[in-house]
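Look at the two complexes coming up: chain A is in both, with chain B in one and chain C in the other.
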Partner chain A sequence: MSRRPPRGEYIETDTGNKVARKATLVGTQNIMLGGKTVIQPEVMIRGDLVRSIQSSSTSSSGGATPNNTAVAIGRYCFLSRGACLRPPGRLYKGAFTYMPLRMGDHVFVGPGSVIQAASIGSHVYIGARVVVGEFAILKDYVRVLDGTVIPPNMVVPSFTIVAGQPARVIGEVPEGGHEAFELRDLYKTVGNNPHPAPA
Partner chain B sequence: MAPFNPYTFIQCPCSDSSPLGRPADSNSPTGSEPEEDERTFDPRAPRSNYSLYPLEYLLYCEDCHQIRCPRCVSEEIVTYYCPNCLFEVPSSNLKSEGNRCTRSCFQCPICIGPLNVTTQETKPPDPSLLTAGNAPHSGAYALTCSYCNWSSTEIGIDFDKPNGIHAQLAKIRNGGEPRLTAKERKERRKELSHRGDSAAVVAAREEIDGQALDLENQFANLKAFYSSQLADPSAGDNGLSTLGDLGFSSPSSLSRIMSLYTGGKLNDNKAKSRLGAMREALTSDEGLLVTDLDESALISQLHLSDHCDTASTEQITNQPPNLGEPLLHGASRFTSSLRPIPYLLRTKRSKRCPVCRHIISKPESKVGTTRFRIRLVAGSYIPSITIKPLVLPNPSGGSSSSNVGDLLTPLTPVHYLLTFKNPIFETIKVTLATPAATPGRFASKVTILCPQFDIDANTDVWDEALKDNDRGDKSSRSSGSHTRQRRGTEAGLQLEVGKIWERGRNWVSIVVEVVPASLRLEDGGMLREDEDVLEIAMFVRIEWEAENGGDDAGISSAAVGKDRDQKEKRELAYWCVLGIGKIKQT
Partner chain C sequence: MSSKRHSILPPISQPGPKPPVQFSSTITIADSAILTGTNPITIATESVIHPRAKIESSGGRITIGRRCVVHERVTLGAIGNSSSSQRPNNVTGGGETAVTLADYVTVEVGASIEAGDTYIGEGTTVGVGSKVGAGAVVGKHCTLTPHTHIRAGSSVPDFTVVYSNGMRRTDKRGVAELKNKGVARQIDVLRRMIPSNPSKFM
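Entry: the complex of A and B
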C-alpha cells in the first residue's frame, strides 16, 4: 500500500479494474470482476449474499468445489456512485436461498440504482434511480431510462427501451444505436489518471 | 425543468417533395425559380417533425447512396417471438393462435407487470413440511403479480397445473365457472339429444343455453350458421325470392358481392340466382344474442363500488380482444371482469430500401442472437455532429460562462463548437450553409465561422488502439495533444473567420456564433409551444472520392469493383437541425 505515494481515489488492479476506495464491497471473495470495470464511490456490492443451498447437480457430484460466486461482472462495466448490486433470493425447495447475479460486458449502472436481477446481458444501459426487481432478466442491448422500476421476474428482450413504474416497453433500440452502448471510452475517463472525454 | 440537451436531427430526403437542387416545377411559377433554388428548410414547419431523425435511427442505402429513415424503409418480419419466454413462434401458429403467446406468459391486468405462476399457500409455512412432497390438489396454482400483488384468485381463477396456463385460462370464466368453447357446446348438446327427453336432460340443455355467449362463441356460432346457409341455399326459402333478388339477405346476392371482392366468376353464381333468401339466426345456437339493454344491475354495482373497482381506459385497452368477454355490451367495466393479458408477440424485422429494394438491415433470425447479417447504418457513412458550448475566458471579466442546459440570454452572442467526426476511410470535404437568421417569429442570427473544411479519413481502428496504448503507458494528459492542432489556443483564443477551431485524426471542430433573439412580443402575446427553443437549420454537403464500385465503409456487402484504381467522386447533401438551447424569457 505504501509503495504508491499519492493514494489515488481508486484502486487499480492488474486486470484494469478501477475500484473506488470508498466503495463498499461485502464478501469480496464471492465477487468476480471480469476486468476493466469501474466501481465508483458509495457503490455497494453484496457478495455476502451467497447461495446457501447448492443446486442438486453440484451437491450430488460431491467432490466438486461449491460455486460460491454471488456477483459476477463482465468487462467494461461501469457502476456509478451509489449503485447497489444485490443477489436475488427466494424459497427453493422450502428453504430460502440467494441466487447469483450475473452481468455481461459493457453494462452501465446509473447512480442510485438498485439491481437485484438474475442476469443482465451485455451492452445494457441502466439509468439513474432505477430499481431492477428480483430475478429480472435483462437481455443484450437494453436501455432502461431513469427512474424505472422493473418488476420482479420481468424479462426484457434484446433491443428494448423500457421506462415507467412498472416498466413497460416504450421503444426499440435503432440499428445505428448499438455503438452508443460501448463503455471503453467512459472507462478511460475515470481512475487516478483520467483521460479527458473524447470529443 | 429538465435540462436541455443539444441535439442534431437529420432530415431524410424521402420527405422532400422536390428533389434537392431542382426547383419544384409543379406548383411554382417559372419566374420564382431562383428563389425556389434557395429554398431553405424550416425546422418549425409542422411537417418537419416527421422527417427529422437522430443519426442513430437512419440507415444508408449503398446502392442509391442515400439516407433512409424508419419512415421510408419497408419492413419484413423475420421472426416472431414472445418477449417473456423468448420462444420463437412459427408463422403458421400465428394464423391459428393469434398474435399472443400461448404458453404461460401473462401480464397483470391491473398494472401490466409480469404474472407468474405461484402455488397457493393453504397451510402455514412450516419447516417440518419440507420433506413432505405433498401433491398439489386441484386449484393449487394461481397467477400473481409481484409488482402490485394482484392475484388471479381475486377474479376467482385458479389452475390445476402450473403449465399450459393459456389453455386452462381459456376454459375458465372470471369467477371460476367453466367456459365452453363452441365446439364443446355443440358436442354437449348432441350428447344430450341422443339421450332423449327426460327432465334431467332438459334441465341440462337449458343450462347450456342459459350460459351467455361470449364474443368468441357468438362469432363461431354465427359463422357456422351462415356457412351452412350458404352451402344449403334451399333452406329457409320463404318464397319471396323473386322479389328479394336485390336484397342482401339472399345467398346469391351475398356471393355476388363477395365475388366482387374476391374476384370469383360472376357467371357461376348467376346459376343460383333464383334461390331464396337466407334466414337470420334465431337461437343462441345459431349465434343470436339478444342485447341486454337493462343495465340497472351494472348501475347498482357502480353505486356500491369504489373508483378503484372500475377499470381505467388503459386497462381496458390492454385487454386482449374477445378472450372471454362475457357480452358484447357492457364489457369490462369493473376490474373484477379484467382477465390476465397474454403477452403480445414481438418481431425481428429486416429493412429494405424503398427505391432499389436492396436489404439494408437484416437481423439474424434466431431469437437469442443480437447479430445482424446486414446493417448499413447512416452513422458509418455520414459524419456525426456534436454540439458543445464554447467558453471563452474573457479578460475583461464578463465571461460568457455558458453550460449545457443553461438558458440563452437574448441578444448576447454565444459560441458553440460543432464537432464533425468522419466515419469513412476517405478524406471528406464538408461545406456548410445556413440561413443567416432562423425562421419563425423570433429570428436569431447565426454565423458559421468556418463553413468549408476537410476532415481526414478515419484510419484503421488498430492505429487508434495502438495510439491509446502509448498514451496509457505515459499516462499523461499532454502526450495526446500532439495529435491535435489547437488553432484556437495558439491564436490566443481569438475567433477567426474561416479557420478551423481544432482538428484531430478524423474530426474537426468549428465555431458557430449565435445571437439569440429577444422573445419579447410587442402585443404581449403568449409564446407558442417550443418557440423558445433555438433551432438552426443547416445544410450539409459532403464530397469525397470513393473507390469505384467498392464501397466506402468496412461493412460493405456490395461486390468489389472491377477497376479498383479508378476513383469516383461522390457527394451527399442533406439538411440537419441543430437544437442549441432555450432562450431566456425576459
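Entry: the complex of A and C
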C-alpha cells in the first residue's frame, strides 16, 4: 500500500495535526482542524451531520459558498482514545437541523467522553467518560471532572470546576492555575516519534 | 471544495456469522454498521442505524420498531457478563428474543442493551453510555439520562425519567406526541445525510 516503508500509527499533516489511523472520522470534508491537534485511536468525529438549514441573512457568515463546517477544532487540542464528537441537533423553525460544534484552543477531551456541545471555549479540560449534552456551552478555562454528565443547554461559566451527574459547579480554578491547561507539552508526547514527557 | 477527501473508516473485522435480516425498504442503515449473530434481525420502516452501531443477534432475535434511531457505538444484544447470575429464568437460547425496541425508540451514543428478552417501550430515549441489563423492561416514553444503569430483570414504568445515578421521577409534561414528531423530522434529515446500504447486510 504505502511506498514509504515506515508506516506510523499517526498521520501527521503539514499543519502539525496528528491523526491516528485507527480514528473514525466520518465526513472529513466538514471537519476543520486548527493545527497541532492530536486525535488518538478510536476517536469518532461525526462530520457528516452538517447543518441542513442555512441561517438566513442574519449572520451572513457564508457569503457565496454555504458554510458546511460541522465540527471546528482549534489549535493544540487533544482528543483521547475513544472520545466522540458529534454536532448537536434540534428543531429549528419547525425543521430538524444539526448545528456546528465549535471548539477553541488547548481543549483536552478525556478517554471515552461524548461531546455534543454547541461551543467549547479555549483551555478547557474535560475528563474521562464525561457526557456533554446537546447545545451545552463551556466557556474558557473550565475543568470538567471524570464521569460528569453535563445536561443539554447548560452554560458553564469561565474558570469553574464542574462535576456530578447532572453537573454542578463545585469550585473555581485557583489564581495562577490556568497554566495547567497548556497542552503544548502533551502534544509533543504523541505521534510517530514522540518525545518523552518532561519530568 | 476538496471533494477528494474521504472519511477515515478503518476496516471492521467481521466477527462471527452473518445474521439473517428482515429489512423494510425505507430504513437507513450506514455501511459501517455491524450486524452479527445467528438469529434473525428485523428492522421496521424508517428506522435509522448510524455508522459503527453494533447489532448482535447471537443471544436471540433482535426486533427494531418503526422510526427508531440507533446511534454510533451502540451495542444491541450484548451478551451480558455482569448479570449472568441474576438473569431471569427465560435464559437466552436458540430461538429466543434478545432485544425488542418498540416504535420511536432512540438509543444514544455508546449505550448498551443486553440480550435476554429485553424490551424498550415506545418513545423511550436511552441516553449516552447507558446500560440496560438482560430481561429489563423499560416502559413507554421513558428517558434514561446518560450513564444510567438499569439492572437485569428490573422494570421501569411508563413516563419515568431515570437520572442522577438511579433517581426516578415521572415525566408529566405530556409531550410524548411532540417528541415523536421531532424524531420523525430528525429521521427525514438523517436519511439524506447517512448513505444507506442495506444490500450489504442482505
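Keep in mind that, in the parts below, the second predicted complex is superposed on the first by the 191 of 199 C-alpha atoms of A that agree within 3 Å, B and C clash if a C-alpha of one lies under 4 Å from a C-alpha of the other, contacts with A are read in each partner's own complex, and residues count from 1 in each chain.
Criterion: a residue touches a chain if its C-beta (ideal position, glycine included) is under 8 Å from a C-beta of that chain, and two chains touch if they have at least 3 such contacts.
Predicted model, so just to flag it, every value in this text is computed and none were measured.
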Touching partner for A:A95 - first (chain B), second (chain C), both, neither: both
Touched partner set for A:P157, first chain B, second chain C, both or neither: first
Contacts of A:G34 with chain B and chain C, given as first, second, both or neither: neither
Contacts of A:P166 with chain B and chain C, given as first, second, both or neither: both
Which of chain B and chain C A:A23 touches, first, second, both or neither: second
Contacts of A:P111 with chain B and chain C, given as first, second, both or neither: neither
Which superposed partner A:H195 touches (first chain B, second chain C, both, neither): first
Common interface residues of chain A - those touching chain B in one complex and chain C in the other: 94-95, 133, 149, 151, 166
Chain A - residues contacting chain C, complex: 19, 21-29, 44, 46-50, 52, 65, 84, 86, 89, 91, 94-98, 112, 114, 129, 131, 133, 147, 149, 151, 165-166
For the chain C and chain A complex, residues of the former touching the latter: 1-3, 5-10, 32, 51-52, 72-73, 109-110, 127-129, 145-147, 163-165, 182, 185-186, 188-189, 192-194
Chain B contact footprint on chain A (complex, rising order): 93-95, 133-134, 139-141, 149, 151-160, 166, 168-169, 174-177, 179-180, 188, 193, 195-196, 199
Interface residues, chain B side, partner chain A - complex: 55-59, 70, 81, 83-86, 111-114, 116, 127, 129-130, 145-148, 346, 351, 361, 367, 370, 372, 375, 377-379, 386, 388, 419, 421, 468, 471, 475-477, 480, 502, 504, 507, 509
